[in-house]
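Below, chain A partners chain B and then partners chain C, in two separate complexes.
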Partner chain A sequence: MMSRRVAGDGLVTGPPSASGPASGGVVTGADKDMSTELSGTPGPQKPTSTGAAKGNWRTGPWTDLLREYGVYIFLVGLVVYDVVATQGFTSVAAFRSLAVEAAPLVLVAAGQALAIGTRGIDLSVGSNMALSSAVLPLLFGFSVSQSTEQRSAALAIAGALAVTTAAGLLSGAVIAFLDVQPLIVTLGMQLALRGLAESLTSGNQIMMNDGTLQRLATGRVLGVPNMAIVALLAAAICGVVLRYTTFGRRVISIGGNPRASYISGVPVRSSLLVVYALSGLLAGVAGLLSSAYLGASDPGDIGQLYELLAIAAVVLGGTPLSGGRVTMLGTVAGALVLQLLSNTFVSHNLQPTTATMVEAVIIVAAVYFQKRRGN
Partner chain B sequence: MALQLEDGRSPQAAVLEAQGISKDFGRVHALSDVSFALRPGEVHALAGQNGAGKSTLIKILTGYHAPSAGRLFVSGRQVHFSGPRDAQVAGISTMYQEVNLVPLRSVAHNLFLGSEPRTRWGLVDQRKLFRDARDLLDRYGMGAINARVDLGSLPLGIQQMVALVRAAAANARVLVMDEPTSALNDAEVRTLFSVVRRLVQEGAAVIYVSHRLDELFDLCHRVTVLRDGRVVGESAMSEITRQELVDTMLGRALAQMVKRPKPETTVEGAAPALSVTNLHGGPKVRDVSFTVRPGEVVALAGLLGSGRTETVETIFGVERSRGGEVHLGGRRLRPGKPADAIDAGLAFLPEDRRADGVIPNMSVRDNILLTTMGRMSRFGFVKRAAAERVVSELMDRLSVRASGPDQRAGELSGGNQQKVLLARWLAAHPKVLILDDPTRGIDVGAKAEVQSIVAELAADGAGIVMISSELEELLAASDRALVLRSGEVVTEIAGNSLNEQNIIKALAGDPAGTGSISATAAVTPRREHVTPRREHVEPLHDGPVQE
Partner chain C sequence: MAEARVATPLKRRAGMGAGSARPDLASVARRLTPFIVLALTVAIASSQVPNFLTVSNLSNVARQSSFIALLVLGQSFVLIYGGFDLSVGSLFALAGVLAAYGSHVAWPLAFVLPLAAGLVSGAVNGHLIGTVKMAPFIVTLAELLGYSGLALAITNQGNVINVHGGTFFTTFSSGNVLGVDDVTLVMVVVFAIGAVVLNRTRYGAALFAVGGNEDSARMLGVPVRRVVFITYMLSGALAAFSGALFAGFSASGQPTVGTGYELQSIAAAVVGGCALTGGVGTVSGPLAGALVLGVIQDFVNLDGHLNDYTQNIVYGVFIVVVVVLQKTLLSRQQANREARAVDLVGPQASGAVPA
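And now, the complex of A and B:
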């Protein structure tokens, strides 16, 4: 390789190093127009990235718009449809109930978005919701026979969240330090946590009559349901953290190129640990809200399939599963779309079985339209 | 100037011709009125800096992009490609630097991927498959390759040749080769070229893109030069000099490369900035010891496979060491901890920009701030004003050409990505920089800029460890060279002995050479002669097609 250069006759030329800073620019004069050059380095193109010729609908300005803002357009379209065609949709109560029902999904989706942002995934969020729900009555002192609280609500809530955070931390530790794939680790946690949750209440539903939980479920501030406030606040915090903090930027860089991040001194392991702990915490809050809304602990049912709904919400919102890019606003919109879709089907008396299938088709179709969003 | 635009070509003569091609991406004009003709039986070089429009032109010729204006002809007939598939059907095949084949299948399966011979029952006819593969490989002088082994088990260079033969087997009339040699060693390049020449003799035409001008002069018949999206010259290769070609690419005359002046003050007495003692790690790092003083540029010379990259990765902590110590400014670095090395003032620009460097989806700003965000934050929040100042300062200093700090790094050309990575490390104000082939695969303009930055850093007192696959660059930049072979430092060359001849001798492990080098005072032979490095492609050297 090197001997080939022997014949070189000064091909590589440059200013004498003593001649001052390079910011003077060696080729700037010739390259004024290159500053916004778009074509990247020479390299293989995925055959899928066929931005092809005449009349290809996939490259038009409309489809670009759809790709970038698809989830919002879809959400608005759905709302418009409901306003026109769904009875009772325009009432304030209907909006409130939508916000309340979507709150747990928004929370787990926010956590899921963090995990997906690092190229990972968290399949344990649904079971972690159940765990949260199962721990609550234990700490409150409720049981199947005992339905008045014995201990402080703050303590019970803090305890439940601590347990779910610890569960997330455990997933994170196995992923970060033992290098096991997130899919496998959290799949294991999904099974284990659901089992743990159900065994804690011996598979029973336990009623919880507690003032704090009731206020959480039904209270409002300035007309906005508390549950919605909690969920949106959490999502907003996640969004700000991702965008403006060193931790958030590191999460994105790990997802974008883990090895380059490591070489650049990014604390990859501790960041992953925190990401899964946060996902556990958010799942805990979601489980808390679901239990409060239900007025009971029901670890057999709470959080079922939420991991998949959360992934759907994240992807629908425009976050690629390949990591390195997260949109929190899109994730919230994705969660709202999923909830609204399901509500719409219910109010149009679609069979739940049919509704699920239609939902599935819509999710896959939506993701299809979004793919190739600059990734 | 020897380069003139040639007008009035007839489309009939060309196997592939582009007339008046323009391509806009939004408001950016990537190509303006580009005409290009490829004749049968020629190897036609496309030259130009990164961002000149080579990639865009190739993507149009191969159907990935549709031109905004202009016409394409294949053998005189106008064509419209609505995708790469159309171009392939028209006989245009593309070979990239990375091999787009299936590593876990055999060479034979890969050669006939998608067109496997079938038995009566519709199953793949394994016997015929291997027989055909054998014949095909023999025909191109690659009989030494075992068609039954998994493609992925072969060196990258061989994989690339398999890809080339595959294209030939598919009766490609036009082969587009985009930087095919960036990962190949010398012998592999020679074999590749002989395959290309064989193909051309058989009537194929080749479009060849490479940053290595040597290769263009070695292999190509004609060259078309692009600059800022326009054709600025076309010529027979034999009619221009290297200097003229470079000038045309850059659009101005460049000074000859000047060797970095020796540091004014003698650095001999200074305490070493970096010292590596008896470092072991993996099979390719064996008992490496050396020191770098402030302001000194030390070259690590070695062929591919000599362990040069492994050595610097072990020093920086990307790879675990198995013994030995690294001290930086008196502080001992914890092995296997890049973050610790960075903290102590070490920087490491990795060889593989794409795999180990760029975070493609992140902005130029975030890419630059990656190493230093922690120092530039309060309560975990990045201090925006301070960060912005650092980013714009570095983008200016390194003349990073991007639409702004918000542009995604993945969208930049290779040279500009490299500058962004360099900026990432400069932001940390390192005491010692390890640069692993910093100018690999970037264009001449960016290359000169990177080289002058390196010289500037050394002048400012930073210690530099540099690896380069270009001997010329190594010689011009460094004060001292350590020659690595099989993971060991075999020789140190400094002072007046630091010249091409001596390094090549040491690299090759030529006993006579080593002898003559050690006769000069400045050279310290560290170790006795070691076993010569085994070449991957030894059996291919004397293939039948080799001229």
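And now, the complex of A and C:
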């Protein structure tokens, strides 16, 4: 879907002297706000292509290719490397476990991509996962001493998701109506929700032996693990919503230029509210999956560092932090890259710390190539 | 045309005599907020915990706050520029480990090694953010991961490294002068220097200019790249220095210490009146912000009813409430400033820039 636009860009851009540096700077500024559409949508595509070409005097088609496809190239490279060099990687079981392990990160990253698309950020997603995990045993009726459930799974799951959605809604309300920076609001929420989650279970791990959760964690449909289906379905819905619905266009428009969106009648506040509520909901589902996979509620550990990993996945995927442009497919690929990297390191007996350092370098390199485009 | 412009302010001044007192009120209130909040938290803590207001406990609070306060100062400078520095927390840990290793060779190395690491980290940040124009958030986020990985790697996956005792390094970081802890004195001295640098030097003025509007600053001939470079070097050096002091104070280099300091330091700076949008900030406000966090922590430790979990809830809610308050006061102040601009220049000119 991105291919047409990239190819166009590459052809039109041509040599670096396509337009003068003097005008280039100015056009880049305007272009940043203009190129706010989802890549590949037919409507506003043409004007952007030429605009991008003008502002794009600094780089050639190769850097563009790397920028747009970097994450996919990297993912394929990593898979090829694993097929050749990693023992037992080609087994179906290995793919299944990768899909299962990546599922929570994919979900959280999808919500994060929405928030980043509006030029915001959601640092509370990791803690929101923990909150979802902490609420589950309460509603099931599990406790440290009580290991058989009292109530139905549907109710417990719905309750947990309602709580995390409400938490997201609260972040969104403060951001939208009190006009406070998303970073600091969700940072406060990160601390508060983690504290709330841990005090709900007094910091304990609570085992949950429930049939529904077990089916969720280990079941498969046509050989595909349920957790992977949930994650991919959610990401696909987010992608479709972003591209084909009014709400999606509003998200992109707000990220491109909040002020202009407001003036042209976009309901900025209610859209932001929905975005952060959705991010909360997706984090809740991620927490649910993590708890189901673990077979326990562990609010002290679940979701730790996920906010940062999710941001890294979104940025790796090609969504700029400046908002106004979101690629959901890239985000999923970014999450898979991060998960696959850590799996690869584990299977080669490298220390997790080495993995962290390599991840850090890769993230910086990815953003470096994005920046080379000159915006 | 010229006559009209002269006439307008006179008319408006005369008509809005009562309103012209408002701008000062909002700006004074905003500047005082950190100190009022500090006074309130101290008042609440001392009313709940009987022995809170004792000399030994208060010096305890000051000592415990001084390590993160140094990070807060660096973070405040970075926030005034309009950036972030998420790397300070793990740099704090890395610096402590380096100091511990250095102390076994020769005590000056316990200061030199961490400072060198901090300066290098700051230079990398300054280059990637100021010159390459990468997003501060993501660059320093990657460094957060990288440094904590590095700190764990050089300590053989998380071993605590003992500091070689009995040298100037340990006596300095754990000693006291006339009953006042050395680290508290260091905090006071560093903040005093910070105040002079921010308010009395060319760099300080340039920092505010760049933070207010980077493009305008560049057009006015402010060396933007150099300002960004220096700012991140300062932040890195302060975080590393603080980490070294903490290693000397605790007699060990701990690779996992300082987790969450990056966000706490941003919170303290913002509570202290720095705006995340850049161009706004002081030195005394963030100091008060750091002390507020220290007071809350001490209060939670002394008061039996709260635990670590509820402490986080208090922190989180507290940060959001104070920031909402700051934001309200700041936008009122700016609205008033604009109203004054209307008074001086005339309605058309300022109308071109909607709030």
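By our rule, the second predicted complex is superposed on the first by the 312 of 375 C-alpha atoms of A that agree within 3 Å, B and C clash if a C-alpha of one lies under 4 Å from a C-alpha of the other, contacts with A are read in each partner's own complex, and residues count from 1 in each chain.
Assume contacts are C-beta pairs under 8 Å (C-beta built on N, C-alpha and C of every residue); 3 or more make two chains touch, one makes a residue touch a chain.
The structure presented is a predicted model; accordingly, all values stated were derived computationally and were not measured.
Asker: Is A:L138 touching anything from chain B or chain C once the two structures are fitted on A? First, second, both or neither.
Answerer: neither
Asker: Count the residues of chain A touched by chain B and by chain C, then name the partner with the higher count.
Answerer: B
Asker: Taking the superposition as given, does A:Y368 touch the first partner, chain B, the second, chain C, both, or neither?
Answerer: After superposing on A, A:Y368 lies in contact with chain C but is clear of chain B.
Asker: In the overlaid three-chain picture, which partner chain does A:A94 touch, first (chain B) or second (chain C), both, or neither?
Answerer: neither
Asker: Quick one: is A:T246 in contact with chain B, with chain C, with both, or with neither? Answer first, second, both or neither.
Answerer: first
Asker: So chain A touches chain B in one structure and chain C in the other; where do those two contact lists coincide?
Answerer: Residues 259, which sit in both footprints.
Asker: What part of chain C is in contact with chain A in the complex they form?
Answerer: Touch residues, chain C against chain A: 84, 128, 132-135, 137-139, 141-146, 148-150, 152-153, 157, 263, 266-267, 270, 276-277, 307-320, 323-324, 327-328, 331, 354.
Asker: Which of the residues in chain B come into contact with chain A in the complex?
Answerer: Touching chain A: residues 25-30, 49-56, 58-59, 63-66, 80-84, 96-98, 100, 178-179, 184-186, 189, 209, 212-214, 227-229, 242-243, 246, 250-252, 254-258, 260-261, 301, 303-304, 316, 318, 338-339, 341-343, 348, 350, 354-362, 366, 369-371, 373-374, 377, 380-382, 396-399, 401-403, 408, 410-414, 417, 424, 439, 441, 444-449, 451-453, 455-456, 459, 469-473, 476, 500, 503-504, 507-508 of chain B.
Asker: Can you name the residues of chain A that touch chain B in the complex?
Answerer: Within the complex, chain A contacts chain B at residues 1-18, 21-23, 25-45, 47, 49-54, 56, 244-247, 249-250, 252-253, 256-257, 259-267, 324-325, 374-375.
Asker: Note which residues of chain A are touching chain C in the complex, please.
Answerer: 121, 123, 174, 178-181, 183-185, 187-196, 198-199, 202-203, 259, 308, 311-312, 315, 320-322, 351, 353-357, 359-361, 363-364, 367-368, 371
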